[in-house]
Structure formats: C-alpha cells, structure tokens
Amino acid sequence: MINILLITFAISLIYMGIANRLSTVINILAVQGIILFGVSLIELIQINTINLIFILFETIVFKTIAIPIFLNNVIKKNNIVREAEPFVPDFASIVIITGILLGSFILSNIINVEHVRKMFFIVAISALFTGLFIIISRKKVVTHIMGYLVIENGVFILSLSAGSTMPMLVNTGITLDIFVSVLVLGIFVNRIGNTFEEMNVDHLTNLKD
Amino acid sequence: MRGLGVILIIFTSFFFTGIVFRTKSIFSGRKGPGIFQPMKDIWRLFQKGNVYSETSSFIFRIAPNIYFASVVIALMLIPFGDQKGIFSFTGDFVFFAYILAVGKFFNIIGALDTGSSFEGMGASREALYSLLAEPAFFILMGSFALLTGYTSFYDIFSSIHFGSSISYAIGALASFVFVLIAMIENSRMPVDDPATHLELTMVHEVMILDNSGFDLGLIFYATHLKFAMYGAIIANLFLTPGKEWFYSIPIFIAMQILFAIVVGTFESFMARFRMSHNPQFIFALTSISLLIFLTVLLIVGKFL
Amino acid sequence: MSLSLFILFVTLSFVLLVGFSKESWAGNIALVSVLINAGTSSWVAFNAVTGHPYFEILGGGSIFGDIPIRIDALSGWFILMMNFTVLTGILYGRRYMKHYENKSGMIPLHFASFIINHVSMIGIFCVQNSLAFLYLWEMMALSSFILVIFEYKKPETIKAGINFLIQSHICILLVTVGLIWVSVRTNSFDFNAISVFSASVNPEVSFFLFLVFFLGFAIKAGFVPFHTWLPYAHPVAPSHVSGVMSGVMIKLGIFGILRMLLLINQNYLTTGYFILVFSIISGLYGVILAIVQHDLKKLLAYHSIENIGIIGMGIGLGAIGLGIKNPILAFAGFAGALLHTLNHSLFKSLLFYGAGTIYQAIHTLNIESMGGLIKKMPQTAILFLVAAMAICGLPPFNGFISEFLIYRGFFEGIHLDSLSLATVLILSVVALVLIGGLALLCFTKAFGIIFLGAARSTFDHEVHEAEASKLFPGWLVVLFILIIGLFPQIFIQLLIKPVSLFTGSLSNGFQVMLLVENLQSVSMVTWTFILAIAVIAAIKKFVVRNRKTVTSPTWGCGYVATNSKMQYTAGSYVRGYRKLIRPLLQLNKKEENIEGIFSNPIVSETHPYDKIEVIFIDRPLKFLNNLLARVRFLQSGNVRHYVLYGVIFIFIVVIFSLLNDAVTYLTKLIKQI
Amino acid sequence: MLVYYLIISFLIGVGTAFNRNQTVRIVLLALFMMVQTSVTIFAYLHLNTDDLVYFKYDALGVIFMCVLTLLSFTTIFHSHIYLRHRRDDSRSQSLYFAALIMLIVAMTCAYLASHIGLMWVFIELTTLSVAALIYHERTSLALEATWKYVFVCSIGITITFIGIILLSFGMGVTVQIDFSFKALQEQLLLVNSSWLKLAFLFIIVGFCTKMGLFPMHTAAIDAHTAAPPPISAFISTTLMNVGFVAIFRTYSLFANTAIQSWMNQVLLWCGLISIIVSAAYLLTVKHLKRMSAYSSIEHMGLTAIGLASGGIGYFAAIFHMILHSFVKASVFYQIDQFHRNFGTYMIGETGNYFNRNRAGGMVFLLALVGIIAMPPSGLFVTEFWIFKAMFASSHFVFLILALLFLSVCIYILAKNFLYILFNQTKNLIPAEEKTAASETWSQYFLLALLFYFGINPPVQMIQLIEEAVKNLP
C-alpha cells in the first residue's frame, strides 16, 4: 500500500516537471500533501491521538489546504501569467527528472542501509533533487517557493523513512517554521509583484559584484 | 730617517714633469724647455693675485688648500725602501686612497662652485674616471697583502722579494698598472691630453679654468707631487730591502727618471682616446689587476 | 618601580597629554616625553654597554605570560644610538612642524605616535618574549605609518604609506613564522628558547630558521630585493620622520639579524658568506640607483640601502671570522658593522634634516631646480657638506672609521684561509671601493648642484637660512660625527663589550688593543691632515695678504652671455655614468623630437624606475590579481546559483573523499601484491 | 527562568508592535533590555544547568549571550539614531523594534539550545525575524536582498535538516533517538564513518549560510548591503556568531569520532576558500558595506581554520569571534554616520572624512587597525594563536596561503579606509548636519574593549572559553 502511494508521489514529481501551468503545480502540491498524509498515517498508526492530530495538521491542513490556497491568492493578486516559463524545454526536464529518479534508485542501491526502506529513500531523494531542479530551471519567483515545498516534502518522506522522529515540541516548531517561511516568502513575492511589473527572477540580480 | 722618502719625492717632483715634457719635445724633434720649467711656471703663479668668480663661494677658495693638503698627507704615507713613511700603520694604503679621494672631492665641488658650463663637465669626468680607477689600486694592494701577508705599505714593500720568474711578471704587471693609474690620476695621455686646447675634450684642465694665482699654483704643484708619489711607489717595488740608504737613493731617483721618460714616451706615441672609450680602458686596469691577483693566488699555492 | 613600568606609565600619560593638547604645544610635550624616556633608557643602556647588563621580568598577564626584559651590551648600543637620533629628530621636528600648525589637524596624532614609536623601539631592543616582541614591532610599524602619512593631502603620501604598511606587515609575518616555529617546538615564548631549539636541531635546519628571520628582518632593513618600500616611504614622510626612519628604524632589521646571529648557533661560515653576498648586492644596487635619482629624499633613501649593504658586509665579515675562528676578522667585522650603524644614523639623519630645511625654504625636492643655495643658507650647506663627506666615508669624518675597520678585516682575511675566502674578500673589497667611489660621484652631484653655482630657478618667495633652533640638532650631530672621526679609539673601546658578545668564544683582548692602536695612528694622521690644511691656508693668507683679489664673472671660455641655464645640471653631471650602467636601469623616458628650424619649446622627461621592483613586486602582484579575478564569478547576483554552490560543494567533497578512499584501498591492494 | 524570559519578551514584543507612542516604546525597550541583561546574568550564575528541558546554560552559549546582550544595547541605541534621522513613521518603527526584539530572543535561544532540532528551529526563526529588518528601507534592493537571504537560508537550513536525518540513518535504530547534543555524543561513537561524514557535510553546509562561510556566504553579503547599518552590524556579528555556535557545537559533537581529521580538512578548505574569495572581491568592491561584509567573511574563514587546526586554535577561534563582533559592530555603527555625512555608501564618491567628521574618522582609523589585526587590536593575538595552531597541526601550505591572502585583504582595507579618510581629490558638498560626537561613544567603547582584551582579557571570559573547549581533543 505504502509503495503504491510513494510511486504515485514519484509520478506526481514527473508530472510537476512538465506542468507548465502554475495552478497545476499547486494542485500537484496539494495532492502530494494528501499522499504524505496517507503514508504517515500508515507509518504511525500505532501511536497516540495527539501525534495523529499533529500529522493531520502538518500534512492536510498545511500542505494540502493552507499553502495551496495562499499560493493561489498570491498568483491572483499579482496576476502572474499562468505559464511556468521554464528555461529548459519540457522534454528535457522530463528526461532530467527521470534521470534523477534513476540516479536516486542507483544511489539507494549503492548505499543500502538495512533498516531504511529503499522505496522511501528513493522517492525522498528524487523529491529533493526535483525540487532543486525546479528552483534552478524556472524563471518565476513563485516557482522557487514551489520547488522549496517539494524539497520539504522530500525531507518529510526522508524523516519518515528514518523512522526516528523528533520530540513533538520540536516537530511542531519545525513545521511552524516551514509554514511561516513559506508565508514570508509569499509575502515577499507580493512585494516583488508590486515593485517589478513582471514576476521574473532576472530582475533580482542587481546586488552583485 | 723616516722623512727621507718625503724629501726625495719633493725633490724629484721639481723636475719630474719637466723631464716628461722634455722627452716629448725631443721625440717630436724640438729642443723644448728646461726640465725645471714647470716649477718656474708654478713660482710665477705664486707671485700673482687671485681672481675669483662672483658665483663662487668659500668652497672654491678652500678647495685648493685641501686638495694640496691631501696630496701632502698621502705622500707622508709612502715608505722608502726599508725606511717607513712618516706615518705607517696597518691598512695605511686604505687611508692613502681615501685621503686622495678627499682632495678629489674638493677639487670637484670647487669646479662645480663656479657654475661654469664647462667645469661641471670636467668634474663629472674626473669623478667617473677616478671611481673606475680605484678598484685596480685596491686589488693590487690586496694581491700584495695576499703575497706578503702584510697590510701596510711599509711591510708589503719591505717584504716583497722576487724569487721565481712568475713573481717578476707580477712586478712588471704591477708597475704597469701603477703607471697607468698614475696617468689617470694625473689625467695625462691616453685618458686626457693636458696639451689640448679644446675645453670639450679636457678632464682635469677644464676643472681649474677659473682657478688662478696661488690656487692654480697649488693645484699644479699638487699634480706634480702626485706624479712623483706614484713614481715613488713604483720605485719601492724595486728597492730591494736590506740595502743601505746611499745605495737605494740612486736607484730611487733612477727609477723616477725612468718613469718620467716612460710617461713622456707614452704621451708622444699615443693618441688620446675618445671620451666614450675611456671607461672601458680604465676598467681594463681592474681586470689586469685581477689577473695579478690570480697569479698571486697561484704563487701562494691556493689553486689546489 | 621597575624601568619598564615607569617608561610605560610616562608614555601613556604623555600620549594622552599630547592627544588633548593644543597643536602648538604638542611638539614640546613630545620632546619632554622623549627626553624622559631616552634619559632613563640611556642610563640603563650605557651601564649595559660598559658591562652591567640589566634584567627584569614584567608580568604580561594571561596572554603574554612573563616578559623577560634583557638589556645586554648589544641592546644597549642600539638603544643609545636610537635615543640620540630620536632626540635630534624631535628637536628638529618640533620646529619643522610649526609650518603645518592648524592646517591639517594631524599634529597631536603625529606627535603621539612619535612618542609611541620611540617607546616601541626601545621595547623592541630589550623585550625578549616572542609575542610581546611582535606586538611592539607592529606598534612600531603602525605608529611610523601614522608618522609617514602626515602630509595626507598629497595622494602619493597615502600610496607610499600603504606600501610601507604592507611591506612591514610581510616582514612581521616572516618573523612571526620563525617565532611560531620555535615556540611550537619548544613551547616557550622566551628568546632563549630559540638558542635551545637551534642547539637541538642539525645545522641545516637552524640555518633555515635563521634564513626565515633574516628575510623578515631584511625587509625592514631594506636589503635588496626587499628594499622597494624605502624609496617611497622616505620622500613623503616629514623630514624628521624620514631622518629617524632611515637613521634608526631600518636598523631594527640589523638589530634583529644580529640578535638572531647571537641566538641561533649555526655554521657561521655559510651564514657569513650568505650575508656578505646579500650585502654586496644591496650596497652596489642601492648606490647605483641613488645616483640617477633627482629627488633629493629619494636619493637619500637609496643611500640608506647602500649603507645597510655596508653594515651587512661588516656582519658577514664578522660571521666569517667566527666561522674560521679568527678573532680579528670577527672583531673588525662586527665592530665595523656596529660603528657604521651608529655613523649612518648620524649622518643620514643630518642629511634628511638638511633636505627638510631645503624643502621648507624652496618647497621642492627636485635637485634640478636648486642651485646656489650656499649663499642663501650657508649653515645648512656646511651641515650638508659634512654629512655628505661622512657618508662618502672620507676622513676626517666618522664614515671613514667604520669603513676602515671593515677594510682592515677584509685585507686581514685575504691571506688567511682558503681560495674561496680570498676571492670573496677581494671581490667585497672591490665592491666596497666601488660603493665609495659611486657615493662620491653621487654626493659631489648632490652637494654641487644643490648648493653651488647659480640658482637654477627663481622662487616667488624669499629664500633664507633656517632659524637657529632648527639648525641646532644638526650641529649636535656634527659634533658627534667629528668626535667619532677624530677620536675613534674611544669609540672602539665602547664597542668592546657589544662585540665580545659575538666574539666571546674567541679570545680577542690582544687584537682589540691592536685595533685601538691602529685607530690611534689613523686619528693622528687625520689630525695632521687638518693641521696641514690650516698651515697651507695660513701660508696662502700670508702670501696673498697684500695682493689684490679681483672678482669677475665665471670664465665662459670666450662666451660672455653666460646665464644660469648654461650650468651643468644634475642630469648632465651623471650622464656619462648613466650610459655605462644603462642595462641595470629602467628609465622611463618621455622625449619629443624637434621639428622645424625654429621649433616650439619641447619637453623631455626621464624617470628612473627600479628594475628589481618590476621583477619582485609588480609582476607577482599582477599575477596574483589575475589569479583572484578567476574567482570573481561567485557573486553573480542570481539566487539560483547561490543555492547550487552548496549542492555542488557537497558533491565535490563526497566525490573527493570517495576517490581518496579508493586510492587508499588500491594502494593497500598493491602493497598486498 | 527561561520560560519567564520568553513570555515576558513575547509580551514586550507584541506591545512594541502595536504601540505607537515614542516614550512608551523607549520604556518597553528599556524593560526588554533589563530582562535580557538579567537573564544573561542568571545564565552566567547558573552555568551548566539545564532549563526548560531543551536549553542549557553552557559556557559557549553564555559567552555569546553576553556578547549579544552587550551589542543589543548599542544596536538599539544606534537604531534609534538611525530611525530618527530617517524620520520613519511610528508604525514602521514599531515593526522594526518588534522584529529586533524577536531577533534578539531568537538568537539567545539559538545560543542556549541544547537540542539540535530546537537549535535548528531557532536559527530558522532568526532568519525570518531578520528578514523584516533587512527589508526595513523598503527599496527594491532591500527587497531583493531580503528575498535572497530568506530563500537561501531556508534552503540551507533544509540541507542541515537532511544532514540530521542522515545522522539518524547512520544510528540505525528505529526507536526514538534523543537528539540532544549530550545524548548524541555517545550515540555517534557507534555510527559508521561514511554516514558521519555525509551527515556532517550536510549540517555544516547548511549552517554556513548563517556563519557566512564559503560555499553559502553569498546571501549574507547582499543582506549586509541592504539592511540598515545597525542591523548589518547585527548580521555580521551576533548572527554570524549563531552560525559559529551551531558549527562549533556540531564540530564538538563529531570531534571524538573517527572522522575528525577529515572534518578538519573540510573546514580548512571552507575557511581558506572563504579567505580567498573575500580577498578576490575586496579587490574590486566599491560599496563600503559590502567591503565590510567581505572582511567579515575573511574573518569567518580564519575562525574556521582556527577551529580546524585544533589545539589552541579552538580557544583562538572563540576569542576571535568575540573580538571580531566588537570591531565589526563599531564599524557598521560608524558606517551609519558615514552614510548620513555623504549620502552614499560608494567609497569612490567620498573622501576627506577625517576632516569632515573627526570623531567618526578616528573611529574608522582605529577600526581599521582593529580589523587588519595590528596591535593594540586583540585580533592580533587571536590570529597569532590561530597561525600557531596551524603550524602546530603542520598545515604549512594552508598557513602560507592564508597569510598571503590575508595580506591582500589588509592592503585593500587599508587602501579603501584611507581613501575615505584622507582623499582630497573629490570636491564634495559639505554635510548638511554635523554628527554629534556623543553618537560615537559606544563605538569607542567597543574599540576600547577590543584593544583591552588584546592585552588583558578578564579572567572570567578566559575561564568560560576554556570551559567551552575543554572536552575537545
């Protein structure tokens, strides 16, 4: 069951690579949130309700509902053009993401650690690098946030695969941090929208030597 | 008896230059002046009053005195055979060179003091040539020090004894170098032609264009003394020690006269170099004296 | 109250006092402070020189630990020398600075750093704790940097100042490396640890250690090729500062070298040869470049390099003497070096004071535009003449004595040991002679063109002699120059203790007496010389007493309309020489050709530039700059790249460590096979 | 104690955020500083005691806490001057100070956190809170800088988190792992070294964003450029200290494992490249704040090298950070006045500052001495120790290269500062209002501390530092 979920997650990553509409990307993020909820639910079924509530909070409320809505608002507010405007053509990005999947597969085979479930590891790593790839290959500022979120999802899965979790308090702190940082970033996207008429990272290269 | 050398040098200086002129004139088929003519000129100059340039300062007035004094002190250091000079101490030839340098220094700044467009020229040449000539003298003394193991005029000359043939070669070379040094120091042929009348080609003469009367006399006489002094040094090379003084005096005078004649011959058969050639020529002396040094090394057997 | 604490206290209070005082007062306050510090330290130093070394331990707290303060004869000698020059410096400087009052606002800072500079120099001579030593050294560098940039209104001043700062920093770095080396191996900061360490290792290592120190101190001392900061720093500094810098500060380098020579026991013969060769190059190169300089202070700066060379020759000779266990060589060498250190500090500071006086009289340092100053400022001229003759090493002045000692050593050594020694020594003799001759050429030029003849340019203001209080320090120096020149035997006896620190192992009582007698006779001849001059002058006066002396224009060889433009210039004076050494120089010429029969006025300039500077400073810097330019892609301003760097870094490190493991594994495998 | 501190300061922060009255604001700030000071003193008195489960008043934390408290006073003081001259409206002032208080609290907690996860949380919090401050001037440049800083720091902190997870991989137990430093120290001993290496690498690279070390130093530079000068002072002193504390804790965590020498290599390279990069950019930099930022990078590199060299290097590294905080803070405070005097940060368009503002000029002169580590600057001593440590650990090549490039840095710094102070070539318009000399007292105080600590540091500090480094090899 878990594996199916994780594979869907991986597919969502590929889909994200070719999704050339911001709204689709956001939707994919929401979907990933749901998937993560499922995964963590199965993982941590044995433990108490507080933990459950926390997971629910972390995945569904934040990742699936709050953040997508917020990002949609941001996009509407700055009436950003809907295209994702990648530097690289879709085909190339597909190839690259597949390459990332393959690479992480091989990597996990090289490193094989007994008590770390391979599937988790592969998906997590590929999520990390896909997120990085999205950050690097997309023009828009908003897409950077999305890439960041993908990375965060990857980290989430990675921590699941490690099995060991932080104490509840710390976990809450971490989640809050991530959420707040996304908010802050969003706010700054708004600012950027107000300052520069076109939401393009190439405007943000004045500070250099 | 220490003063004997000085007295003799002064004595020879009276006719030394005269002999040179005489030789020249004879070679050029003239009768020429008497050998005391130069001294007569100097005496005439002593009778005269001085003319000073209005640009010049007290430097110009004291320069000749110091020049002359330096030469006097220098010849006090020259030994005579196995007689010490009036002053004799270890490393006195260093003092010898430096005291002459003092004289030169004042000679030069005296020339510059007149602000003349020509005397500076002479001054610059004088400075350059003497600086180029110095090393030769020191290397020579160095090689003597190496040969004899002593470092003062007296000890060196009293302990040079020519044994092997090669040491004679040294003597010959050394005296040759000394002759040339003397020529340069007194700015004679082939470096400078005292008989020239074109300021642009003068070295020593052009420096004293503005000196007159007593000063000029001093300078001239200092030149003669210097000449005689170098003659004395050369003579010392051949005054074999241990001889009584009444043997060595004739040898000395003979050497001096010989030296003077040699100089005269040089001058009459040699043309003055072009100014631009002088430096090479003078520096050649240094290399010759280095050659001497090497030979000495050979003798004392350090080439092992 | 211990000496060091007292001096520190005095310094602190006076620095504060100067900092908050009126500009017109700063100079005098500084003078008082220098007097107190110099007085106390000189007292101790003099005892040390006469054989009663001073020792105290200053608690340096948690950072420095115990700071041993040892004033042995060597330190004593240097302290005495330094105090005198600093004293004359401040005496001169407080007058010199009057011209700048209420113009720059720098004066209190200037004098404060003068005091600090003085004290840190005292400290450097006697503190024997590595960290404290470095600390003081940097204080000295820093304060002298402040002193140098006094006339900050000129851009070249700042440029030279920075140059000076960096080069002295490089110097300190080398010394630091050396001291760290020792303190790591012995883990002690005391200087004695150095000798302990060098005793424990084999001679090659200790020679290398000495080399590190030598290079460090050589930068400060201005040995070629580390001299390049000197010709910039000296000209731009106020004259009393350049006097102190050139007279004393570069001697810190000499002191360092001597100290290390004392501490590090090694194969002295090799060291001697090494230093000797180094010094010969410095001496010759310095004077060779000095002659073509037409900026007076720059000329003097290059002469400092030359004199450092002479001092170095002395040290080298001494080291060789130690190497072949010949007391008289060693004694002559070290005595010559130490005495010349003192002499140079005397006449060089005097020359710089003269330069300063001239500068303030005519507001230029370009020799070509001077001339005939002897009539306007006779006293300055005499002072300058004395110093010039002294620096040429001419009797009856002090320069001759030290050079004579070194000559003595050389000639003594020629017939002693091996072929190599004889050859090296004769070559050094030639070098020393050439240096003397070149110096003569240079200073006849300097004195002749500056002071003699007719004025080469007209100044819009009245040129007049400096006030007495400004000339007084000069005369003070002249007094010492003459004393050393005329009574050398006294000073040689003062030198016995310091020198015997080096030659202590070899018994040298007898040789010392020998040298003393020798110098006695030298002084006798010198006296005779003076007497002779007097006599001749008297005779002349007597002879020409009732003849009329005419004054007329200079004989122009028939040309009557001579003017001051037709005089020989500095450039033309050294032209013949310049043609000879063309290959050694780098002359940046700017020449225009004359067109037409009646051509319009044309300008031709010739700027001598230092060839060694091109090779050792400019080119490497260029290379470094290009190298660094390669790195400047990082700050691209594009946030995507910023993220990437981290990832790439991780990858590279992982790959490298994997490769490393692989290599080690393979090597193991190969070992098994 | 800490819980009260958090609550009170939270309340004060909220108060400042919503209060619009100047006097009330000042009272609140005074109140906060009292709390901050008292908690600092409390921390020093209760050394090595736990608090609030995940916090511990250990020596390292306390040292930097003291520095932070000290600099908070000056920073708040200079922020007031800064805002007064900007004539900002009351609202933005309130936001500014609220964010400042939040930042100070976050940093304090980051110093004291004894749990790696919690430290992570608070470090991220510092990033978020400083963002508001960097963006205070509301210019497009400020916007860009803030965006970069927040984004890069978030990514970096994520990388760190990955590192932590990798650590737990290595431990291989699927049960709950105690991530507090103390517990980790024992657990790490049974982790295989390749995992350790990987984990260390990720964690360090993440924290480099805060400390401003290569490879993640880039965003910090931009942040310095755009932030208000007092905040730049904070960024390059206390905030970098946060990064240093994190790295130091990580280092001492791994120090006893098998990978120590490898770790040293990595840190050495980070440090050396940081120095080289800063030298390279100093050569071309025109912007005064950027220049100071690069010099901070250079000092961070030196500290990293000191840390990696071990021995006395540990001690020297901490000492260096402290002293560097003093001098750099005073420089940035002075830069504020400088900017008011000239209306620009561009070095090329200024000059003759020594005469335009004597007090400030002297600050720059002394600060120059301080930064280039010449006596009486205390940095001279620490650098000496660092070099000694390098020599002792026989990293000769690193030593030579470091010395070389440090000299380059010194040259440039001296050149630019002297240009600012003395250059006469520009004919500049005189400053509209004279800056009061009283504004420079705090800077002189900091410089005096720098110089005094170079000669005779207080015993307590020495003890604290020794305490902090005592269980390192």
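Letters A, B, C and D mark the chains in the order given here, with residues in each chain numbered from 1 onward.
As a convention for this text, a residue touches a chain if its C-beta (ideal position, glycine included) is under 8 Å from a C-beta of that chain, and two chains touch if they have at least 3 such contacts.
This structure is a prediction, so every number in the text was calculated from the model and none was measured.
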Contacts common to chain A and chain C (chain labels): D
Mind naming the chain pair that shares the most C-beta pairs in contact? B-C
Computed distance of Cα centres, chain D from chain A, in Å: 31
Whole-Å separation of chain centres (CA-atom averages), chain A against chain B: 100
Taking each chain's centre as the mean of its CA atoms, chain C sits from chain D at a distance in Å of 43
What is the distance, in whole Å, between the centres of chain B and chain D, each centre taken as the mean of its C-alpha atoms? 79
Where does chain C touch two or more other chains at once, residue-wise? 632, 635, 639, 643
Would you pick out the residues of chain A that each touch at least 2 other chains? 135, 144, 204, 206-207, 209
Chains that touch, pairwise: A-C, A-D, B-C, C-D
Residue numbers on chain C that touch chain A, as the complex places them: 632, 635-640, 643-644, 647
Residues of chain B defined as touching chain C within the complex: 46, 48-57, 59, 62, 65-66, 68-70, 72-73, 76-77, 87, 89-91, 94-95, 97-99, 101-102, 104-105, 108-109, 112-121, 123-125, 127-128, 130-132, 134-135, 138-139, 141-143, 145-146, 148-149, 151, 199, 209-210, 213-215, 218, 275-276, 279, 286, 293, 297, 300, 302-304
Sites on chain A touched by chain C in the complex: 132, 135-136, 144, 201, 204-209
Please output the residues of chain C touching chain D within their complex, sorted ascending. 61-63, 105, 131, 134-136, 138-139, 141-142, 149, 152-153, 155, 158, 161-162, 165-166, 169-170, 173, 176-177, 180-181, 183-184, 624-625, 628-629, 631-632, 634-635, 639, 641-643, 645-646, 648-650, 653-654, 657
Chain D-touching residues of chain A, taken from the complex the two chains share: 113-116, 128, 135, 141, 144, 148, 151-152, 155, 158-159, 162-167, 169-171, 173-174, 177, 180-181, 184-185, 188, 191-192, 195-196, 203-204, 206-207, 209
